[in-house]
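In what follows, chain A forms one complex with chain B and a second complex with chain C.
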Partner chain A sequence: MKRFALAGNPNCGKTTLFNSLTGSTAHVGNWPGVTVDKRDGVYKKLDEPVAIVDLPGIYSLSPYTPEEVIARNYILDEKPDCVINIVDATNLERNLYLSTQIMEIDVPMVIALNMMDAVEKAGDKIDEKELEKRLGVPVVKISALKETGLKELMERAFTESKKSRAGVTVLNDTALAHLIGDVKIALKGQNVENPLFHAIKLVENDSIEVEMHKETENMIDEFKKTFKDDVFGDDFEALIADRRYKYIAKNFDSVVSRKNKEKHAMTKSDKADRVLTHRIWGIPIFLLVLFGIFHLTFSEDLLFLGKIFSFPGLEDLGVDIEAFGGQLLACFYDGAVFSPGVIVNNLWNNIIVNYGLGFGEGGWLYNLIAESGMQSWAIGLINDGILAGLGSVLSFLPPILVLFLFFSILEDSGYMARIAFILDRAFRKFGLSGRAFMPMIMGFGCSVPAMINTRTLADEKERTATIRVIPFFSCGAKLPILTAIAGAIIAYFGVGNADLITYSMYLLGVVTAILTVLLMRNTTLKGETPPFIMELPAYHLPQFKNLMAHLWDKTKHFIKKAFTIILASTIVIWLLTHFSFSWQFLEEEEVNQSILAQLSMFVQPIFTPLGFGSQLGQFGWVFVVAAVAGLIAKENVIATFATLAACLVAVAHLDIGTLDIAAEEGVDAVQAMILATNITIPALISFIAFNMTTIPCFAAVGTAKAELQGGKRYGGTLIFWLATSYIVSCMVFTVGSWWWTAFIWAAAIAVVVTAIVVKNKKQNKAKA
Partner chain B sequence: MGIWEILLIVGCATIVFGVIIGSIVRKKQGKHSCGFYCDGNCGHCIKAKDEKKPE
Partner chain C sequence: MEKTLDLFAVGNSGIVKSVSGEGQIKRRLFDMGITPGAEIYMRKAAPLGDPIEVTVRGYELTLRKAEAKCVVMEVKGQ
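Moving on to the complex of A and B:
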């Protein structure tokens, strides 16, 4: 099967083209650096199927970042049958810089002029025939987004792939040509493949090339002595870059005819950026946008209208909320109009999980099992273990998807890239560049791809620090913990509101990330902060297809996880709570003698300073079990509460009133835990904080190990997560319980900071 | 113990051991249990690790 590689600048639409050609749903984002590795797909609309390889976006074939090395090695070593060079037609001059380098490799090549829809919309024209003549390679106009010109592109690429093509360079007419020609002849004599490309890179003093062709070093140095440039001296890399740009400007400016002749006219994106990336208002606007997202996802009082106008509740209006119609109405309104997130959540839980799937108490499946005539342990295992655990996890799908949808909209519109830009100044003070923000923000979705995305960071120490703090950006799996406990605090203690609690906990994660980065960059991971240069993509309306693809990916992943690892965990937890060490089956009333309870009671004192240890009495071990189960996957925390709730209610003879511990988003299960243990609000907040900052899940641990390549940094990362979560939770609990302990913490932090500053000053003096 | 109870035990054991063995196999293949963002193609992580890093 023939293989075509897609290569081009970051954010030029490679992955959109890849998805359109292969029917894949690979993640597409409106910011540079979404793809950090190559991926494969198949195009089936030609006479024979063709493998398509999507390469990471690169600006050049120089080895500055791992992605550039991946793309370069693929084209040189794997020898694709054709390289499709995607060029952003709205930014032709800059994109052709990479094209001039790919042209130097002996590989068939086609240039795809992407985003032609945007060019035509702006009233501009590109003469692709003239461009093709000047470059000497086929040029095809396409729009990956609108899926136009794709068939022609693939047909021309297929035709080109049957021919062989020798590399050509645009540096031919320059004074450098002689020098490059000499090196090329020397390399050809040694039977080196792609001699022109390697010759130019050797002249550029490219580190990989110099390492690969050490034997030519002296010879090239001799050749270089014969060349002199008054401006660049012996900086051949800068000299060659300059010559390329000069050639592009001279030859290709005329192929573009612009409607608006003024080159620097303000676009709509520029105008929006004057407000959104304002040096003072940029960050407050971002915080407001973030709060808006949380409000639209979690608030039970949209725009606080219910509080302002004191609307009547459904019961005051005489609506029978027990009837189906009343229940349906209650999904949208009860004394206040609910936010879209809450409406979707209510519809999902009241109508689908409880009625459709019948997971809740009184649901058809629940009743079917209860009346099946099976032995009581089997009924308990299914209804109180499996269905309660699964139901509690599945009930969180809507808020996760709604929150994720809002983040996807921000990302797809191009605003996320701006946030990286406006945060760069602040980040720099903490020892990171704005580039680190993109993987961090991806952490709100899932830590695993976020950690992989840190490959865009060239500095290893910055990368390690970023990987370590990514879990503090609360991922979707932690959302159930937040909403269930926040919901229980509101329902049981009657204080706070859901959107404010979740928003503050997300902010706590961000603040912890910033402070710990500051600590690491001044102690174990000291180093210069690399400069941050990022091209800001143009704003555009989010694409419905992309958004749906993101949501589908997330749903698929969530369901898969629920029916594998979460299901297996609930079964194991049920088993361990119903058997003793002597392998005797225990009734629910004997749960304190179970293997799980005994083991958890043993380690319970460790959690006492965090508020959910020994002080919670004989049933406090449930919080330990939930916290430990959360280390496997964070969805396990609420699933564990739901699985254990029935046992606790039975053994503690709790009067749970109207609580439905088997359903209702785990909120009622958490309330049962509060009833049984008398846990306080600060301890509950501390429990959330612990889960938000500790080891995220097995999958993330595996990724961190792979990305940090094991060793000391990986071990240090595990210790860092455990220590941070312990200290942060302890601080939250003690300050929440006894406000004056804030002074003790402040003093302790001051001592640590002073010690670090003094030590660093001493070290700097010694170095000087 | 009836047929349903036996089926339940077999089903639960299959799920638990299936997940454990599955994750061991995936780990040996160098795959993460993620499947998100990367279109389910996790093999690339190991490939990338083997790539020569720049000086």
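Moving on to the complex of A and C:
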């Protein structure tokens, strides 16, 4: 099968084209650097199927960022049958800069002039025939979004792929051409593939090339001595970049004719920017947007209407909430109109999972199994282990998706890049660039793509620091821990406010991230603040298709996780709680003798300073078990509570009253835990904090390992997560229980900070 | 008149004369189209005063003042 590679600038519509060609649902976004690894798909509309490889978006084939190196090595080493260079026609000048570099490689190539719909809408014209003639490479007009010109593009690429093409260069400046020609001939003599490309890179002093062709170093230096440029002297990298742009600028005017000659005309994007990145309003608007997203996702009182108008509750209205109609109504309203996120959540859990799938206690499937006459352990395993576990896992899907939808909208619209622009100054104080903000905020959705996205950060130390703190940006899977425990605190103790607890825990995560970054950048990961030179893409309305692609991708990933690793671990945990070390099936009352309980009791004392250790008595191990289960996947924490609550009810003879421990969201299960252990509010909050800042799930740990390329950085990262979570939760617990301990902590922090400052000063002096 | 880009006021425009700075930053500036002869228009500064946003080669680019300092400009008449 032939392979075509898609290469182009970030944000040129490459991934949209990839999706249109392959019908796949790869991740698309409107900020530079969403595709950070290559992806494959198949195009089937030609005579024979063709493999399409989506390379990361790059501005150049320089050796400075990992993405550029990935793209460059792919084209050079994997030798695709054709490179389709996607060029944003609305930004021809800068996009062609990359084209001039790809042209130098001996590979068939077609240029796709993308976003022609936007160009034509603006009334501009591009003479693609003329462009083709000047560049010597086929040029096809397309619109990836409107899916026009794709067939022609693929047909021409197919035709090209049958021919071979020798690299050509636009560096026709006579003296420079001479120098490059000499090096090329020398390389050709050594049978080097792509001699022109390598020759130019060697002249540029490209670090990778110089390393690869060490033997040619002296020869090239000899050649270079014969060359003199008045402006650039011997800075060949600068000279070559300059010559490329000069060539493009010279040939550019005759190809493009603009309707609007005015250079700085106000576009719609500019108007939006005047408000969204306003000197004064920019930051408040950003905070408002962030608050709005969380409000629309989690609030049970949309726009605070319930507080303002004091609507009557459903029971006051005489609605029978036991009946199906009443339940349906209760998904939308109860004394206040719910936010869209909560409505989706209710519909999914109450109507689909409980009624439709019959997972909950009293559901049709649950009853069917309970009355099936199987062995009691089998019924227990299926109903309390598998169904309860799956039910809780599935119940997390709505908030994850709703939150993800909002982030996708921010990303697609181009606002996310502005957030980096607004916040860069603040980030620099912590030794990061505004770019680090993007992966961090993605962490609120899921740590895995967030960690992969850190590849857009060129600085290795900045990347490591960012990967380490990403889990502190509480991901979608950690949210149920928050809502369940916060809900239980309010229901059981009758204090607090769910929004407030949720918001402040998110804030705690962010503050922890900031402080630990600051700490790392001043101790183990010292270094210069990396540069921040970034394109701000034009705003556009998010595409429905793209948004749905994002969501479907996420759903698929989650369901797969739910039915594999999470399901497996709930079964394992159920087995460990229902069997003793002598492999005896235990009745519910005997859960204290179970394998898991025994193991957890053994490590329980370690958690005493955090509030959920020895002081919780004989059932305190449930929190340890849940935290350990959370290392597999954070969804497990509350799912484990649901499983364990069923055991505890039997063994501790809990009078749980009207609590429904199998209910969605796990609020009642947590209340059962509180009943059994007498855990305090500070300890519960400390438990949340621990789960938020400790080692994340299997998937995220695996990603971190891959991104940090294992080794010392990775080991350090695991220790870092454990230490941070232990210290943060200990602080939360002690200060929450005995307020005056805040002074002790403050003193301890002051000592550490002073020690670091003094040490760094000494080192700086030693250097100077 | 010559001026580095970080000293530009909003609304100023000019032509790049030369670019200094160490390897990676300089290359990045070049790759993004800031080469001698390019026209740059200063659009705005971020709410906290830094970074700045400029128009270069028909698109919007953001960079820090520290990096803009590497770009020597010939200021155009108002």
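What we mean here is this: the second predicted complex is superposed on the first by the 760 of 768 C-alpha atoms of A that agree within 3 Å, B and C clash if a C-alpha of one lies under 4 Å from a C-alpha of the other, contacts with A are read in each partner's own complex, and residues count from 1 in each chain.
Convention: a residue touches a chain if its C-beta (ideal position, glycine included) is under 8 Å from a C-beta of that chain, and two chains touch if they have at least 3 such contacts.
The shown structure was predicted, so the numbers you read here are calculated from the model rather than taken from an experiment.
Once the two complexes are overlaid on the shared chain, A:Ile422 sits against chain C while remaining clear of chain B. Of the two partner chains, chain C is the only one that A:Ile280 touches; chain B does not reach it. Once the two complexes are laid over each other on the shared chain, residue contacts for A:Ala241 go to chain C alone; chain B is not touched. Of the two partner chains placed by superposition, only chain C is touched by A:Ser60; chain B is not. By the document's definition of touching, of the two partners only chain B reaches A:Glu211; chain C does not.
Applying the stated contact rule after C-alpha superposition, one finds that A:Arg39 touches chain B and leaves chain C untouched.
When the shared chain is aligned, chain C comes close enough to touch A:Phe532, but chain B does not. When the two complexes are superposed on chain A, the residues of chain A that touch both chain B and chain C are 64, 458. Of all residues in chain B, those touching chain A in their complex are 1-2, 4-5, 8, 12, 15-16, 18-20, 22-23, 27, 30, 32-39, 41, 44-49, 51-55. Within the complex formed with chain C, the chain A residues making contact are 59-60, 62, 64, 91-94, 97, 231, 237-238, 241-242, 245-246, 249, 263-264, 273, 277-280, 282-283, 421-422, 424-426, 428, 434, 458, 531-536, 538. Of all residues in chain C, only 18-19, 23-33, 35-38, 41, 44-51, 53, 55, 57-64, 66-67 touch chain A in the complex they form. Per the touch definition, chain A reaches chain B in the complex via residues 24-27, 36-40, 63-66, 68-70, 73, 207-208, 211, 372, 374-375, 378, 381-382, 442, 445-446, 448-449, 452, 455, 458, 553-554, 556-557, 560, 564-565, 567-568, 571-572, 698-699, 702-703, 706, 709.
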